[in-house]
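Every chain is named by a letter (A, B, C and D) in the order it is written, and numbering of its residues begins at 1.
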Amino acid sequence: MADVAVLGASGFAGALAARLIDRHPFFELEAVTSRSDAGRRLDELYPQHRVDLVLDAYDADELGAIDAAIVAYPHGAAAPVVAELHERGVKVVDLSADFRLRDLAVYEANYAEHPHPELVADAVYGLPERYREQIARASIVACPGCFPTAAVLALGPLTNPGHVVIDAKTGVSGAGRQATETTHFVSVDENVKAYGVGTHRHTPEIEQELGTRVTFVPHLLPLDQGELLTCYLDTDKDVAARLAEAYADEPFIELVGAPPGVRDVRETNFCRIHAHQDGDRAIVFAAIDNLWKGTASQAVQNLNLMFGRPETEGLL
Amino acid sequence: MADVAVLGASGFAGALAARLIDRHPFFELEAVTSRSDAGRRLDELYPQHRVDLVLDAYDADELGAIDAAIVAYPHGAAAPVVAELHERGVKVVDLSADFRLRDLAVYEANYAEHPHPELVADAVYGLPERYREQIARASIVACPGCFPTAAVLALGPLTNPGHVVIDAKTGVSGAGRQATETTHFVSVDENVKAYGVGTHRHTPEIEQELGTRVTFVPHLLPLDQGELLTCYLDTDKDVAARLAEAYADEPFIELVGAPPGVRDVRETNFCRIHAHQDGDRAIVFAAIDNLWKGTASQAVQNLNLMFGRPETEGLL
Amino acid sequence: MADVAVLGASGFAGALAARLIDRHPFFELEAVTSRSDAGRRLDELYPQHRVDLVLDAYDADELGAIDAAIVAYPHGAAAPVVAELHERGVKVVDLSADFRLRDLAVYEANYAEHPHPELVADAVYGLPERYREQIARASIVACPGCFPTAAVLALGPLTNPGHVVIDAKTGVSGAGRQATETTHFVSVDENVKAYGVGTHRHTPEIEQELGTRVTFVPHLLPLDQGELLTCYLDTDKDVAARLAEAYADEPFIELVGAPPGVRDVRETNFCRIHAHQDGDRAIVFAAIDNLWKGTASQAVQNLNLMFGRPETEGLL
Amino acid sequence: MADVAVLGASGFAGALAARLIDRHPFFELEAVTSRSDAGRRLDELYPQHRVDLVLDAYDADELGAIDAAIVAYPHGAAAPVVAELHERGVKVVDLSADFRLRDLAVYEANYAEHPHPELVADAVYGLPERYREQIARASIVACPGCFPTAAVLALGPLTNPGHVVIDAKTGVSGAGRQATETTHFVSVDENVKAYGVGTHRHTPEIEQELGTRVTFVPHLLPLDQGELLTCYLDTDKDVAARLAEAYADEPFIELVGAPPGVRDVRETNFCRIHAHQDGDRAIVFAAIDNLWKGTASQAVQNLNLMFGRPETEGLL
């Protein structure tokens, strides 16, 4: 048994992380906190999760003796809390971007001044299929962004992918719980539109992991959860064979014979991948649930590794 | 030709009213105003309407020599503007609730103190199928709420309907342009929920027109525009025959032989009605587009009457 | 351990039942059959369920030594199979209408001649919250229709409810897997429409259980899973108090203080109920997932009872 | 005045074409035909179009003295009818693929043996923005496919675009009226999936018009009407400037400063285009309504040209 707190549990990802920990055979959900909704019941905000706890304001001293924390704060706000918990010996999975980029200059060019640059080198990029051993020994794990998760799973095993085009389609939950013109039902319904063209902050994260230049264009779709990446690359290598080799033993990677739909992986930690070869071009499709494998369930997968548990525990 | 201004054109209903006036053969769209978005282009906010005008701040002196105005303000904010324009001899169609309720006490019990009680008696309830002649002579027309429009069209011709149950289903545009938890895509998508049970302010408006007690329960559905009312009443009279008689010559009422869907009337000024008799019970279905017949196109239908134009002009 | 076969597992309800049995700690999924898709893999038809079995053609002799079966056949086709399995000593949960109506005349007036009238008296109506003890001893359980499940849970505890109006809203999965004009995306999307007015076969089933006349009108909504019933009744009794008393110890009934949304119960066996009193009228809302509590998970709840297992096993 | 028949008016595109002709100031809708639904009323199949005509079986002799026809048949079935009408001196706009491909070998490799190869050279590719003069003189116009329409409008003005990647997102109406597993609401809702990868028959049509190799991947989205193309190309030329020059006087092309959404062009004949330059790469977005500019309203735009009418008549 290990006691876990979820910080920022009033957001979509934090709330789901709280539910997954709450149902987990090994972890115990010790506390949930919220900056905006302290005092409210989590099962009032998210009836579907049925987590019977009241959201607290965060206070490191009052969290009690926790073994681990999942921090679901926005970038910038996450790092100070990660640092504070780290100092107290708490293992942390951070869902923000604060510790994903190894090159501080890239972080600061895309976000802002880093509040705790001294910890960047300690953090491990939390994609288990790529950094399993390092995660097992880490005390700070930076959970990847949802797009980078799918992109790196789709293309990471390929060497020299060249200049890659990634056309991403995502559901609205990826935009978070905040009510804005963008997330208004009437803006999204019967619509599809690209956003963040040329400026999306997941681009440098994908480029860091793939080691190549990426043209990345996300599109917002009229659906709740789910993310599909269509990746176009110039290569005459047998991409499907390479992926099959790389993922032979992966519990959460499903290589399939036809383009996957996001429904196939809805509310799961699976990533479903299909590769199509067209002479000297290849197309790789990767589908995940942006809130699950793209965020919250991947956080639990990381925690499983950090505590020496079976990697799939609580996730099947 | 008559010059028309649309006040509050940055909201869903106001913007659509602006588009309908802009395309109208007789009316000229002279100005569009907004309290929140003055200075922005209307076709930037609503590309689909293609109205090439900049939103102004409202100032009665700068509106120029307009003949009529459609006021798309919230209740309370509408009445002072209606009064000011009325004083200047401008004919007004008010989309708010401020002049719909003839009994001031009912208004104040449901809304707030009335800013201009002296004008209430001058205003005509703008349901053309019921008050055509009065509207033609009116200088202030209070456009009905979307639910009352459908309810009164469905049940108005019946005498002594008894205690009526109205179960309403509406799309999200009825909740307006404001981004809230209620209008967030993730709240609405794959969901259906009742709201305003026992407190919805359209209830007294329906009761005023029907002259009977009403149990009215609206439900929010995952669709953009459209409103379906399912009305249950105790009666062994031939409801269909009564409606057929009442609506024999109505250009915008379609009596049909099966339950209508809201798609049948999407983006039109039509109300489609079906009556089903089950012994001593009857069920009447009425479908409208909440932004069209429920608000903006009905406003234009009223303006047509007020200016002696063919009632269907600009609406087919 | 008990071995279970799911017959008709290529339909929406059967496939979900197969998944629930496949993940169940006590039951073992022994076989899945299909009349239309024999030979295909279930996880090819329903990737999201991840049930790694091939659909067989049904043959009682080749099913092997099963302890129980869930029969997901249409009415008329179900009864002969239920009879055959019953004769072999297999416990059966039948998802069809064949054994729900105790009065054969009512069955034959609404469906067709009954293939096995001699078994009707043996069957127990499979609503655990109402017939828990009988189900535990039954060898044939007739799982209620989805609408009757929600209706009887909402209103069953009330005595003398009078003439009840039930306005139902359902997602498209309730219409089954068959591709028809009704289930075409373009027919449903941005639409809402009543169907089966005055003829829906769930009406006599609801009336049997409630012992009162019911006006029942279902509406098809643009969502996948989920069912909301809005029930209107004439009563000045304290409905909420009565429900609280009746459901004090029910594991799957959630009485809540505000109208429930179907998202609150999506992919769960819960029924969420809210009662609103308005003088001499009451409104009771009940939300379920039509494929779960409305069909497949309720079948598993019944099986749990029939095998003396904890009622919630495999369902939380 | 010119008399027009719409053949195949029971499909989505044909029905919309019938409505547009029915409302057109110059054209008269003389007849509507259907192979599958002869004898049914068009406004029963499509209440929203309000076209008060009965569908006939097609018989060239009984069509009467028509001046033009819009043929909305599947490929293969269209050519014989086009030939027959052409022989009688009727001007034809064909919505099928039968006369789009100038190279017979390409047609036969992608479809089947051509029923009327002798007419292929007579037909003009019906993209007005590209072949305006030829269309005006043509007696057979082959209306482009929906994807080629958007693709050629987006990229046609560019010289030497190189190997282009086109990632397309489309609503379900593009799949037609037939009820299949693909068009079932439950298959599409909360889903997104690629289809026809490497085999879609619009690829050779796009390649014919662009004169370059194209990687084209369409995706099916949970929306009714609308199509967005995201086109990736290797070029350091100023794509936006080139498009601005090419489309300076086009009434239906809207060049915009941000990625368009399909809602912006819903139920219009507009194509909205945005170009984003990223060094030596460019991304061009093009949004159309697949049933309007992608099919039926473009057919009317072609007819306007063929009869010397203002190009926008009946389309604004």
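Note that a contact is a pair of C-beta atoms (placed from the backbone, for glycine too) under 8 Å apart; a residue touches a chain by one contact, two chains touch by 3 or more.
Just so it is clear, the structure is predicted and the values come from calculations on it, not from any experiment.
Chains touching both subunit C and subunit D: A, B.
The chain pair with more C-beta contacts between its two chains, of A-D and B-D, is A-D. For subunit B, the chain with the farthest CA centroid is A. Centroid to centroid, with C-alpha atoms defining each point, subunit B and subunit D lie 37 Å apart.
Here the spacing of subunit A and subunit B, counted between their Cα centres, is 45 Å.
Note on chain placement: the centre of subunit A and the centre of subunit D lie 40 Å apart, centres being C-alpha means. Residues of subunit C in contact with at least two other chains: 189-190, 222-224, 260-261, 263, 266.
Against subunit A, the residues of subunit B that register as touching in their complex are 12, 172-173, 177, 179-181, 183-190, 222-224. Those residues of subunit B whose C-beta lies close enough to touch subunit D in the complex are 47-48, 189-190, 256, 260-261, 263-268, 272. Residues of subunit C that touch subunit B in their complex: 163, 165, 167, 169, 171, 189-195, 197-198, 215, 217, 219, 221-226, 228, 230, 232, 259-263, 266, 276, 278, 281, 283, 285.
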